[in-house]
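One chain, subunit A, links the two complexes that follow: it is found with subunit B in the first and with subunit C in the second.
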Partner chain A sequence: MANTYIQIGSTVTIGSGGSSTIDFTSIPNTYTDLILVMSGRLTTSGYDGTPWVVGAISLNGTVIASGKLLFGTGSASGSDNNAQAAFISDTDATANTFSSMSMYLPNYQSSNNKSISLDVVTENNGTASLLGLQAILSTVTSAITSITLTSNGSGAFAQYTTAALYGIKNS
Partner chain B sequence: MTIPTAIEVNCATGEVTERPLTAEEIAQRDADAAAYEAQKAQEEAEAQAKATAKASARAKLAALGLTEDEIAAL
Partner chain C sequence: MPATYESIATHTIPSTTASYTFTSIPATYTDLVLIVNGKNISSDQGLTCQVGTGSIDTAANYSCTYLLGSGTSSASGRFTSDTNGLIGRMGNDNSTSIAHFMNYSNTTTKKTILSRGNNGAYAIAHVVLWQGTTAIDTIKVFNLTSVSFAAGVVLTLYGIKAA
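Moving on to the complex of A and B:
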């Protein structure tokens, strides 16, 4: 990896009590793009009985405006308009399995709306699993200084969920 | 009841702290989740209504004497 791919802050590892929100704050303005990677699981079941659930992503405290998702489950495929994002394994998935998510936020210091691309794969030793690609729009027009991941509903990010933020320079 | 917590990474210092969510943050989180579930429920209801209307239309066409192949060709 190029030496411009630099970790910002520290890697978060969720402890035994779980946590509802992961918040990266005071993001410096010294990079061109940002990448957030997460290995995650929730402590609750989703409302629909599938082994995954969505959570919210906020930039500078503002939840993303919209998202277009393409997904496949192994037996079906589809699309969804979704103002939430980041499919993540929940308690309907096989015990101790986690989803892997990567979120790319280019040109995060722009004074225009922000585009985010997100890819995610859930792990599940069962009949249903999911991979998804999502295009996300944020209407935040200031430089991004914080990124917040929020678990869905009453759930929390489970123990051993990890998240890390990286900065990328164009030179 | 356990109070949900937030983990904050200060990217300037690298410091990681954990704190309880504020009442406002909990309310916002619950509202976001409720809005999402309401949106999904509405989409599912619309899809079900469309499927029901389609089945009804096919039944009426069949009652008029059209075959399944003829209905499918429409």
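Moving on to the complex of A and C:
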């Protein structure tokens, strides 16, 4: 039986100049599900002093706009109707620490809204960290051919941020 | 690279139905991953399972701890000596549940299931303990109440090999 967990394209590694976006384009229709993983950090400080900021995820150019966030920070927990996704470590996080994110998008070729499971952590051995579980619903009903991660602010993805996309086949 | 993430079986619900059962799951993997994507015919419900060896264990051999967020509040709770174990969440909008059945084929230990549920109402995580020590070769998936799956729900079971 064939291996069904296959990398699509190449791993994106951000260079010294930084980048405000990470794009995966021309995603083939040969898989059933997609998994996107990112090790990320931004070049800016968040607005509230926490060591994380929100990024944005777009499917086929449409920013995801609906989600339920369940979070813990080490001192508090809660839930939010968070319309944005992909929390990323910022410059308030301990130096050289990068957040980790895993996003699972099943049936990406379907004509339904897309339901996404996303887990993220920004552990940095500091006074606060964020562990987030997100249930995301995208209104995009066409087959997904592109995914874009955006730093969503004045900063950029820092050098050594990496992202990789994998395809899963159910047959 | 050896093939370590293999599709064991996939099923698309053809018409409204209350459950689906995977049978004859081979013992040749280390872990199982179940992906359920689709919607119910009506309300938001907990997605649950019963497992067994050769048949489904319907006895009170399941316990579960959950953590959920509704968008406005968070909560955690437990069920013990239950007759099924929660593995996700389904709603009347497109929903995704992911369940990991660890070391499912060993014949020594009780089995743990870690899962994530995602729909328009909740982000939720569960851990389930099934108190059987036999290898799991049967998994029944259904909603906690009698709410049925809508046509088009896709259930896929993958096998993970440690080597």
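To be clear about the criterion, the second predicted complex is superposed on the first by the 169 of 171 C-alpha atoms of A that agree within 3 Å, B and C clash if a C-alpha of one lies under 4 Å from a C-alpha of the other, contacts with A are read in each partner's own complex, and residues count from 1 in each chain.
The criterion applied here is as follows: a contact is a pair of C-beta atoms (placed from the backbone, for glycine too) under 8 Å apart; a residue touches a chain by one contact, two chains touch by 3 or more.
Just so we're clear, the structure is a prediction, and the values are computed from it rather than from any experiment.
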Record, for the superposition on subunit A, whether partners subunit B and subunit C clash or fit.
-> fit
Give one of first, second, both or neither to describe whether A:Gly9 is in contact with subunit B, with subunit C, with both, or with none.
-> first
Between subunit B (first) and subunit C (second), which, if any, makes contact with A:Thr25: first, second, both or neither?
-> first
Scan A:Ser171 for contacts with subunit B and subunit C and give back first, second, both or neither.
-> second
Once the structures are superposed on A, label A:Ala56 by its partner contacts, choosing first (subunit B), second (subunit C), both or neither.
-> first
Between subunit B (first) and subunit C (second), which, if any, makes contact with A:Gly17: first, second, both or neither?
-> first
Taking the superposition as given, does A:Asn152 touch the first partner, subunit B, the second, subunit C, both, or neither?
-> first
Look across subunit B and subunit C in the superposition and give the shortest C-alpha distance you find, in Å.
-> 11
So which bits of subunit A does subunit B touch that subunit C touches too?
-> 82
Within the complex, subunit B is touched by subunit A residues 8-10, 12, 14-15, 17-28, 47-48, 54, 56, 63, 82-84, 150-154, 156, 165
Subunit C touches which residues of subunit A in the complex?
-> 1-5, 32-33, 66-71, 77-82, 104, 106-107, 112-117, 119, 133-137, 168-171
Across the complex, what residues on subunit C touch subunit A?
-> 1-7, 10, 35, 37-39, 67-74, 89, 93-96, 98, 116-125, 152, 154, 156, 158
Okay, in this complex, where on subunit B does subunit A touch?
-> 2, 4-16, 18, 21, 25, 29-30, 32-33, 35-37, 39-40
